[in-house]
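Heads up, the thing below is written out as C-alpha cells.
Letters A, B, C, D and E mark the chains as written, and numbering starts fresh at 1 in each.
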Amino acid sequence: MRKYGIADTTFSRVNMASVAIETIKETDPGSKIERYTVPGIKDLPVAARKLIELGCDGVITLGWVGKTMLDKYSYLASSIGLITVQILTMKHVIDVTVHEDEAEDEDKLKDIAIDRTEKHAKNLVYLVRDGKEALTSFAGKGLRQGYKNAGSLD
Amino acid sequence: MRKYGIADTTFSRVNMASVAIETIKETDPGSKIERYTVPGIKDLPVAARKLIELGCDGVITLGWVGKTMLDKYSYLASSIGLITVQILTMKHVIDVTVHEDEAEDEDKLKDIAIDRTEKHAKNLVYLVRDGKEALTSFAGKGLRQGYKNAGSLD
Amino acid sequence: MRKYGIADTTFSRVNMASVAIETIKETDPGSKIERYTVPGIKDLPVAARKLIELGCDGVITLGWVGKTMLDKYSYLASSIGLITVQILTMKHVIDVTVHEDEAEDEDKLKDIAIDRTEKHAKNLVYLVRDGKEALTSFAGKGLRQGYKNAGSLD
Amino acid sequence: MRKYGIADTTFSRVNMASVAIETIKETDPGSKIERYTVPGIKDLPVAARKLIELGCDGVITLGWVGKTMLDKYSYLASSIGLITVQILTMKHVIDVTVHEDEAEDEDKLKDIAIDRTEKHAKNLVYLVRDGKEALTSFAGKGLRQGYKNAGSLD
Amino acid sequence: MRKYGIADTTFSRVNMASVAIETIKETDPGSKIERYTVPGIKDLPVAARKLIELGCDGVITLGWVGKTMLDKYSYLASSIGLITVQILTMKHVIDVTVHEDEAEDEDKLKDIAIDRTEKHAKNLVYLVRDGKEALTSFAGKGLRQGYKNAGSLD
C-alpha cells in the first residue's frame, strides 16, 4: 500500500495539510497518509527525512515564508536541505512554499496556498504511483501552481 | 529518561539558555538537560551534533546575529549546517535566532529573545516527547515566536 | 550500450526534452534514453539521481526559472543539489537552465532554450562517450550555449 | 597530549598564525601545534580536515576576505565548508575571519585581526581542553572578537 | 610519481590550461598531468572528483564566470561543490576563477587569467609536493593572484 508523507508548519497561516490530505485521498484512494507538524520551514527537512524512514514513498512539505530578507535566507537553507533529503533517500519531497509577499490581499494569499497545495499533491501522487513519465505529457507546458498556467511557447 | 540539548553562545546579549532550561524543566519535569556554550552561531552546528552524540533526543540552539550583510551570510551558513545535522541524525534541532536589527530598542530585543526561546523550548519538548502530531492542532494557525501570532487565514 | 538520462519539467514553457532526445539520437545513434519529468527545478536533483540509479551514464537536466528573486534562490539551491549528485555518483549531470528574464521576446526565449539544449546535449554525449579530453580542443574558446560564442582572447 | 591545528593563508595581510601560536602556547603550555598554510579562504576547509586527520583535537582557521561581492560569496562557500568539516569530524574548527572592509585604516584592521585571533585561540583551547561548559559562564554576555564587547542586556 | 589534475572549460575565453600545464611541468619536472575539459564551472566539481579518482594528488580548476547575478550564483554553487570535493577526498583542489567583470579591457582580462593560473599552479605543486608548511613563509604576506600583491600590514 502506498504511503504519503505530509509535513506542515504552525507558522503557516493556512491549514494547507487539510487540502493535501483531501487531494491525496481523492487522487489515490486507499493510500495511507502520515503527517508531521513542525514549527517552521527550517524544521521541514528533518520531518521529511523522518517521514521517509516511517515508510513514506514520497513527501509533500507545506512551507510558509515571511517577507524579510532573513525569511528568504531561511527559505534558501530549507530548500537546500529538502533537496539533500531527496538525494540521500531517492524519494520525492515536493516542496510547496507560499511567500507572504506573493499577494497583498489575504484572500488571494489563501487562494494561492490552496491551489498550489492541490496541484502539487496531485503531482506527488502521479510521480509516486505512476513513475517517471507520469508527468511527461505535460512537459514544457508552462504549468504553474498558485497561479494560472503560463502556457507553452511551442 | 528524555534528554534535551541546549547550545548557546557568548556572542548573544541575552542569556537565553537560562530561559530554555527553565521552560524545559517546567514543561517536561524529570527530563535531563545538557548544555554546550560556544563563541558564535557558526559553532552551533558542531555543538548540536555533539550534544546528540551525548544522547540528547533533541536540541535547541540559541543564536544571536549582528546587523551586517556578513552576519547574515554567517546566519545562512549556520542554518544550512543545522539542517544538515538534523538530516544526518534524524533528531530535531530547533533553531532560535535573534537578529540585532529586529528591534531598535534593547528592551524590546530582550523581550523577543525570551519569548522566542520559551515558545521554541516548548515546541522542542512537544516534538521530542509527544511525536510528529504533537503540534498538529496548531498547524496553519500562524504562530509566531518573538512576536504575537499572525493568526490563521482560514 | 550507453544510456542517457533526460530530466525535464512541467514548469518549462518549451519542450526542451524533445530537442535533447533528437540531438542525442543523432549524435550517438543506438544509445538508449531514459526520461524523467518533474514539476520544477527543485525536483531535478532527485530525478537525476534516480536516472543514474537506473543505469544512465550521464544526465541532462532541462530547467526553466522564473524572474523573481525567489526563483533565483530556487535556482541556487537546485544547482547545489545537481552538483552534489554529480560528486556522489561521479557521473556528469549537464544543467541546461533557461531564465525567463534572459529575453523580453518569447520567440527569442524559445530560441535560447533550443540552442542551449542542443549544444549541451552534444556536450553530454561527447563527455560520456569520448571521455575527459573530448572537449579539450574547444577549451578556452569562449563557447556559449543559447547565445553566439564569445570567442577566444588568445 | 592535546594537539591544536592552525590553518592560515598567504592572502591574509597579517600573520595571524604567529598570534595564534603564541596564544595557544601561553594558554595551554605543553600542547602541540600543527600549522597548515594555504593560498586563500576557499582552501581552508580541506586544510582543517587534514589537520584533524593528523590528530588535532581542534582547529583555528585564519581567513582574510576582500571587499567585493565575490569575496563575500567565497566567504559564504568557505563558511559552509568549515561547518561541514565540523559536522563530519565532530571537532571544533573556530573560524577567525577578517574582512578588508571592516576598517578604513590599516592599523585598525591589524588590531582587529590580532584581537580576534587572540580571543578565538583562547576559545579554542577552552573548548578543547575544558569541554562544553568551559564558556558557559560567559554565555549571553555579548562577547565580541576584534571589537569591544557589546555586553549583556540582562 | 606525482600526478596533477587540470580541469578547464570551453566557456573560458583564455586557454588557461596551457599555462597551467607549462607551469606545472617547469615547477615539478617529471610529474604527470591529467586534463579534463568540461563546458562550464558547474561541471568542474565532478571533473575534479573524477581526476582524483584517476590518481591525481591535487587538482587545479580553471573557471571563467560571466557578469550577471546568475553567473555569480553559479559561481557560488560551484565553489561549494569544489570545497565539498576537497573535504570528501582530502586532496587540494585549487580554484582559479576569472570573472568577466574584473576588467573592462580584454587584454587586461587575459593578463589576469594568465597570472592567476601561473601563481596558483605553483601553489598547487608546492602544497602537493612539499606539504602543509610549503607556503608558511608567505603566510600573512598579502599575496594576490591576478593582481599585484597587497603586501603585509605587519
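Convention: contacts are C-beta pairs under 8 Å (C-beta built on N, C-alpha and C of every residue); 3 or more make two chains touch, one makes a residue touch a chain.
Note that the structure is a prediction, hence the values are computed from the model and not measured.
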Chains touching both chain D and chain E: none
Whole-Å gap between the CA centroids of chain C and chain D: 40
Chain centre separation in whole Å, for chain C relative to chain A (CA means): 25
Sites on chain B at which at least two other chains make contact: 76, 80, 84
Category of the chain touch graph - line, ring, star, complete, other: ring
Chains listed in ring sequence, where chain C comes first and chain E follows it: C, E, D, B, A
Contact footprint of chain B on chain D as seen in their complex: 72, 75-76, 79-80, 82-84, 86-87, 90-95, 99, 120, 123, 127, 132-136, 138-145, 150-154
Complex contacts: residues of chain A adjacent to chain B: 8-18, 34-39, 42-43, 45-47, 49-51, 53, 69-70, 73-74, 76-78, 80-81, 84-85, 88, 106-107, 109-110, 113
